[in-house]
Structures are given as structure tokens and as C-alpha cells.
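Naming follows writing order (A, B and C), and every chain is counted from residue 1.
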Amino acid sequence: MGWSMAIDNAIPKPLRVIFRGVGQVFFCCNAITGLIFLIALYIGGVTAGLAATVGVISSTVAAYLLGFSDDDIEAGLYGFNGTLVGPCLLLFLENTPQIWFYVVLASILSTVVLAALMRILQPYNVPASTSPFVLTCWMFMVAVYSFDGFSRGAVLPAPGIPMDVATTSVATIEAWFTNFSQATVEAWYTGITKGVGEVMFADSVIVGILFLVGIAITSMRGALMALLGAIVGVVVPILLGADKALVEMGLYAFNPVLTMMAVGWVFLKPSNGTALLALLAGVLTIICQAGLANFLAPIGLPTLTFPFVLVMWMFLFAAGKSKYWKS
Amino acid sequence: MGWSMAIDNAIPKPLRVIFRGVGQVFFCCNAITGLIFLIALYIGGVTAGLAATVGVISSTVAAYLLGFSDDDIEAGLYGFNGTLVGPCLLLFLENTPQIWFYVVLASILSTVVLAALMRILQPYNVPASTSPFVLTCWMFMVAVYSFDGFSRGAVLPAPGIPMDVATTSVATIEAWFTNFSQATVEAWYTGITKGVGEVMFADSVIVGILFLVGIAITSMRGALMALLGAIVGVVVPILLGADKALVEMGLYAFNPVLTMMAVGWVFLKPSNGTALLALLAGVLTIICQAGLANFLAPIGLPTLTFPFVLVMWMFLFAAGKSKYWKS
Amino acid sequence: MGWSMAIDNAIPKPLRVIFRGVGQVFFCCNAITGLIFLIALYIGGVTAGLAATVGVISSTVAAYLLGFSDDDIEAGLYGFNGTLVGPCLLLFLENTPQIWFYVVLASILSTVVLAALMRILQPYNVPASTSPFVLTCWMFMVAVYSFDGFSRGAVLPAPGIPMDVATTSVATIEAWFTNFSQATVEAWYTGITKGVGEVMFADSVIVGILFLVGIAITSMRGALMALLGAIVGVVVPILLGADKALVEMGLYAFNPVLTMMAVGWVFLKPSNGTALLALLAGVLTIICQAGLANFLAPIGLPTLTFPFVLVMWMFLFAAGKSKYWKS
């Protein structure tokens, strides 16, 4: 929105670049939006906020020092992967003093990987998005088995052969859709808002709502797509019979939130057609996430936002072959 | 052949496109060939035939709705991945009513993935071939662990750490090559014909023979390469000491069948040189298949036709660097 | 150096091409260097030397027969992957007569994969390096589970779920850095020299020293980078608390040796800046190696030189986006 871009331009450049870096997690090149996201992260937990701050600064400074494009840096493009690397490593690994060295190193690597992927994807005009964050964090998280200096936190799933884990009965599925008691309404509300918050690892209703507000400041369509993505991320897994506890924590929703924003708002020309396309992409993201989660089970890694990246890539590459949805 | 192309052109367009889609599973842009394949599939089993029909229609209609190239659609290029998705999901997952929704969704995704890979591979003039089918089906099959609405069928290998599984003794190997009793002749005949049939998951001698007939109608060289591929897929694994039961079911043969057709007939200029190259590619496909099978063992997925895709890609990319085999 | 290039040119062409192929393992297009490497390999063990000889000849002859670029062949580019395939398969698989057939076949495949990757990477001006060797050997090594004709050797790690394996205590870490008794000095010396030797699977101090001498004949900066890489490969894992036994065998060092040579000498313009960049790349290679090792644990494969390939690719692709480090 006009007034927010005016404030954005009034913020001193170094701060503006950092805030925009945070904002770009949800594709928002807007310092006000980024500032709201950062405040929300600190509300969710001081450690997470601090980790995001260290991450976004490390990856942005690294981009300056390595001589990458000034325009890209100023748009915050070298900040959002670092923003995600920080809270991710602090959530999944044990919080020790040396973890901060690990966060800085991983944020720097995410900048190198982003530049590499930007160059590879350039001829196709397709973005690298959060893939540098995912690839870097996977590498750093699975490396800790070999190092005494770091340990896996309690949240990281133990490595093991995948097994049938869904426990939802048909009765539960029906209850979610027909029995609108206070309990189910709350479950819906929690799953949808936390789904937006979990994009930055925040298991919190209020953080999710603040994220939506921040996005709405940049674009109403963006916020609508995020909300629709979160709804898809609750409805579809319940219909397919996924683990109810995961759905209620928003853990099936953060990927379709990003997919629907990317396909329905950011990278294709906004229209009713691309909104429908975004819906299809959102549904497929759910299945992709379940698949990738089981695929990674033997080594005990979480999917992070890779299901979003994969489905978004497929739809954006394919859009170049379509008569209707040229990007 | 001339007469078959004349009939092909006489078939009403919607049917022609669908039949060609089935024909393209074996690289045959010919509705008569596709019709013979489809009839063979129904002979092999009504469920498999129905699944292939639903798959080919879903993926082709999706390509129309998404606005992909009319020429590609009319050549059946948006049909063959769906043709394979259908029988694959019905073979490996439990047959429930909701599986048909799953087949439609996966067929649509295979169309999006095909368009994406066509755009990526375009500058290199290398085909995506059956990779969209493989990637989509892997994702959908490994996702079912997480969903109560679907279950893995009995055929899908259980996830587990790979172990030495070959049980062939030297005596058995010698018997296959020296003792031409009726039993070994039958084993050879079964392995070779079923090898062609298994390209579309048909564990049937008669289906394999009908497939060969269908290919021969489009091209004698194509049928010869398919037959040679099936022979390689029986001889080489037996020489290497592979599991005799798998060889006799044609499960080592369907990948070299496709590799030899692609390298020796479809994508390089046909000559004695490319026939030899196809033979080398066929032999390497066997090792690639054994490797990939063990690679996928921890998550319990079958290789499908990915060994063929990998080896074909290597040979077609490499052909662009060769003085002799420009594609 | 001048005199060594003069001798290089005086050697008869077939021998020169073969020796250069061995030299290219350490990026040295120099027959004298290659000859020293080959002699070192035979000193390390006759079987390894023979395997490297068979490998380099097979892959180079295959390149001739398949019609790949004469210039590339004469520079030894079609030789170094075969040089590595031979000793690798003989180290990790059981030494039987038929293993030599396997080595020849894998060397031929490595040539096809190299040509394919060269064509894919050509638009980006990024080298395939040892990736064809790694991909081919992974495929061939994991395939042997399925074939009675081959077995895994005792050295190959058993497949299994990754676990915390590091056993270094803080006391041990301190001892390596403060207690410069003869034992720790020897441990440092062994780890660093073997680290260079392990690039070609030689668990030997003398082979490592001969490799350094060979590199120095081609380039002093190259030898310096190799030495620094080996030091990084001992210091960093000890600081991170990695398994001391692996560090002392040089098993964390051979990847940063190659990374630092590639980034600090071969592929970017040599300067103090690229030397620092190489150091960063070397440190990240350690974490990448630990990560990939645990990633491959469920199927029981070693990382080989893939950590080097991945980090080098990231830095070289990224260099194309940098104002300072255009390649």
C-alpha cells in the first residue's frame, strides 16, 4: 500500500535492507511488513527473534562482502534465507553457545547457495525462493550426528524407517466438518493461524495473525492467498485422514500458504485463473509434503519448506509452456 | 507403416489423441498402435485397463485446460505419463473408491511436471520421457504412509535397509545357458515377453506379445530394439547372478526395453553404430536398476522406469558432445 | 613449471594422454605430474595402481570410440574419472576376477556421464569435475546387493540408520591443540599427509607426500592450496568434535584439499581474495561431508568426493554473480 511504501523509503538504508530481508520470507519487499514480522517473532520467543536477526544480518552482510548484485541486496533478497536459517537451527538443535557460530556459518552458506541457484535458474526466469535455506539447514542438521560440539534437539524427528502413522478415524474426520462445537471451531482457528506462523517456526496463534496483518499491509491479495493456503492446509489433510495433532499445530499448512502466495499472487499475473491454479498447487503441496516427510524419515530430517519449493517450481516452469499463465 | 498412419488420421480427433497418448508409452505416435496397447491392457486385467483410460484422459484434458501446446497434445505427448500413473497406483496401493480421485490428481500433476521438465530440457533437446510419471507416482505412493484414507498394497516392497538378496547359484546360471530343457526355454520365453508387458505393469506373456505387435505396426526397428532390450534384460542379470524369480517375471527387462528403443530407434539417427550404443546403454540400465532399487529400499519404493530415464538422459546428453551420434 | 611442460610435450602422445588423465585428478594437465601420481599409487599398493591404470585407459579409449572432443581427450579430461573409478571399486568391493569387468564397464559409464554433464554445465562454464566418478561408483557399489557375482568389501560401511558416532571429548580436542608431544605432532602430520593421499584412496603418508610433490611440479600455488586444504581438514573437524580416528586417517581432509585447489587455484583468478574464499569453501566442505555421510548411512555408501563437488559447484555458480570473483 502507498503509505507503507512511503515509510519504507524513509527508513535508513541499512535498517531498510534488513527489514525487507525479513519481509521477503512472505515475498514482501517492504520494510514495515518486515518490521512487523520481526516484532511478531520476538513476541513468539526472544531466542527465535534473536536467531532471525543474526541470520538476516549474516546473510545480507555476506552478500555485500561477496560482491553480489546491489539491487538484489537492497530488495532484501539476500536476507530471507538467513532469517529462516536462524530460528530453524535453534529450534531443531540444542541451544549451546557454539550454535550461534553455526547459525552465522549456515547463513553465509545460504547466501552462496542463493547466488548459485539464481544463476542456474536465471535463463528460466524462475526464483530460487527458500530452497537455499532448506538445503543449507538439511546439511547442517544432519551433520551434527558426526560432531560432539552439537546435538539434535528434542523436536527433530528420530531417524527411522517410515511407518503408517496416521491415526485419524472416519469419526474424527466427520467431527471436523459437521460438529461445529466450540472445540472444533477452536481447532480450525488454531490450525489456520498457526499454519501461517509455522512458516517461521512459530507455534503461536498471535504470531500467525501478526504475519497476516504484515502481509495485508503490502498486498490484500497476498494476505488472502496466505489465508486460503492455510485453510487448504487444514481441510485437505483432514479429508485425506492425516494426523490430527499435526494439522492442529499448522504443520500441514505452512507449505500451501507459501505455494498459494507464490502461484496466486507473486510470480504469475493475478487473475481468477491463477487463483484457481494456486488452489490446485496448494492441494498438491499437501501430498508432496506427506511424501517428502516419509522420504526423509530414514535420516530423521523435517521437510521444512521444500514441498512448497518443489510444487512452486513445477507450476512456474510449466507456466512458461502455457498459453494462459506466462509469468 | 503407411496403412496404419492412414487409419490413424481417419480416427476422430479426440479418440486419436487419447490412443496416441497410450501409444507414446512406447514412443509410438500412432493411434492404431495405442488402441492395440489399450486392448492388451484390458486383456491383462479390467482394472488396469480402466486405470490407464482414466489416467490418459485426465492428463490429456488437464493439458488442454492448462493451455499447453496443441501440437504436443495432439501427438499424445500429454497422455503417456497419465497412462502409466493409473495402473501404477492401482497396482501398488489398495483398491478403494477414493483411489480413483488419487489417480486423477496424480495424472494432472504428471502433466504439470511434464510441461516443467520440457521447458527445463528444451535448450538441450532432450525429452522428459516417463520421468513425470515416476516422480509423481513416487510422491503419491510414499505419501500414503501419512494418510488414513489410503493404504499400500501387498505388492509394494516394505521399507527396510538393503540387504544381499540375490539367491542365484552358479549352477542356476549355467542351467539357464547350457541346459536347454523345456523348463529353461519356457523361463527365457516368459522373462522376455513379460519384460515387454511389465513396461505397463502387465505380468502377462500375451500382453507383452501384443505390445510387440503394436510397436511393429509403427516401426520394425522399434520392435526389434524392444525385443533386444528384453533379451538383454534376461541375459545380463542372469550372468551377474541376480534373483532368478525377478528375471523370470521380466522385472529386469522393462527398463532396457525402453532404453534400447530410445537410444537405438527414437532419439538418435538409426544406424549400426546407434544399435551398438543402445546395447551398451541396455547393459548399463541393468546395473542402474539394481543400484536404484537398493537405493530406494529404506523407504520402500519401486524403481519404476527411472533407470531407463537416467541412462537415456546420460546417453542423449552425451550424444550432443559426440562426432558420431548427434541427435 | 616450464621444464616439466617441455618433458610433457616430449612424451609419446598415447602415454602423454594417459598420464595427463591421472594428473587431472588434482587438476594438473601435465604428464610428468600424472606419472608421479601413478608411481605413488603403485607404491601405495600394486592392486590400486593396476586398477587406476585399467580405469584411466578404459575411460580414455571409450571417449575416443564414442567420438568426444579430441582437445578434451588430449588434456586428460576423459581420464581422471576412470583413474578414480578403478581404485574405488577395488577398495570397497571384494577383489574377484569379475571385478575387473565391472571396473571397465564403470569407467566407460563415467565417460558417458562426463560428456553428459559437460553439455549440461556448458552454458554456465562450470566443470563436472569428479561428479561422474562419484555417481557411477555409487550406482555400481549399491547395485552389488542384488548380484551374486559381486560382494561388498569389509571397508564399505554397513547400511543403517545414522546415529551419533562422534566420541571426541573436550580433553581430546584440547590435547590436539595444546599438548604438542610427539604423539600429537605425529597425529597432525599423519592426518594432513594421508588427507592428500586419500583423494585416490591411499591410506599412506608417503603417497600423500608424493602427490604434493607432483602438484608442486605443475604449480606451487596448487600445492599450497592442497596443503592448506589438508590442514583445514584436520583442524576444523577436531574443533567441531569429530571422530579422532577418521581425522587421523585423513578422511575429513581429502574433500577440502580438492575444494581449496578448485576455488583458490584452478577455476577462479588467483588472488588473496580467492584464497580467502577457498578457505571459507574448505570449512564448509567439512560440514557438507559430515552431512552427506549421515545422509548416505541408511544405504551404506561412502561420500567419496561429492562434498567437494557440491561446495565447488555452489562457489563457482555463485562466482558468476559476484563483482569480484568472475571465473
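Some points to look at:
Convention: a contact is a pair of C-beta atoms (placed from the backbone, for glycine too) under 8 Å apart; a residue touches a chain by one contact, two chains touch by 3 or more.
These numbers come from a predicted model, not from an experiment.
Seen as a C-alpha superposition, subunit A sits on subunit C after a turn of 120°, to the nearest 5.
At the subunit A-subunit B interface, residue numbers used by both copies make up under half of all numbers present, so the two copies contact each other through mostly different positions.
If you average the CA atoms of subunit A and of subunit B, the two centres end up 36 Å from each other.
With touch defined as above, residues shared between interfaces to two or more other chains in subunit B number as follows: 123, 161, 298.
Interface residues of subunit C, counted against subunit A in their complex, comprise 123-124, 161-169, 237, 239-243, 277, 280, 283-284, 287-288, 290-295, 297-298, 313-318, 320-325. Those residues of subunit B lying in contact with subunit A across their complex are 66-69, 105, 108-109, 112-113, 115-120, 123, 138-151, 159-161, 298-300.
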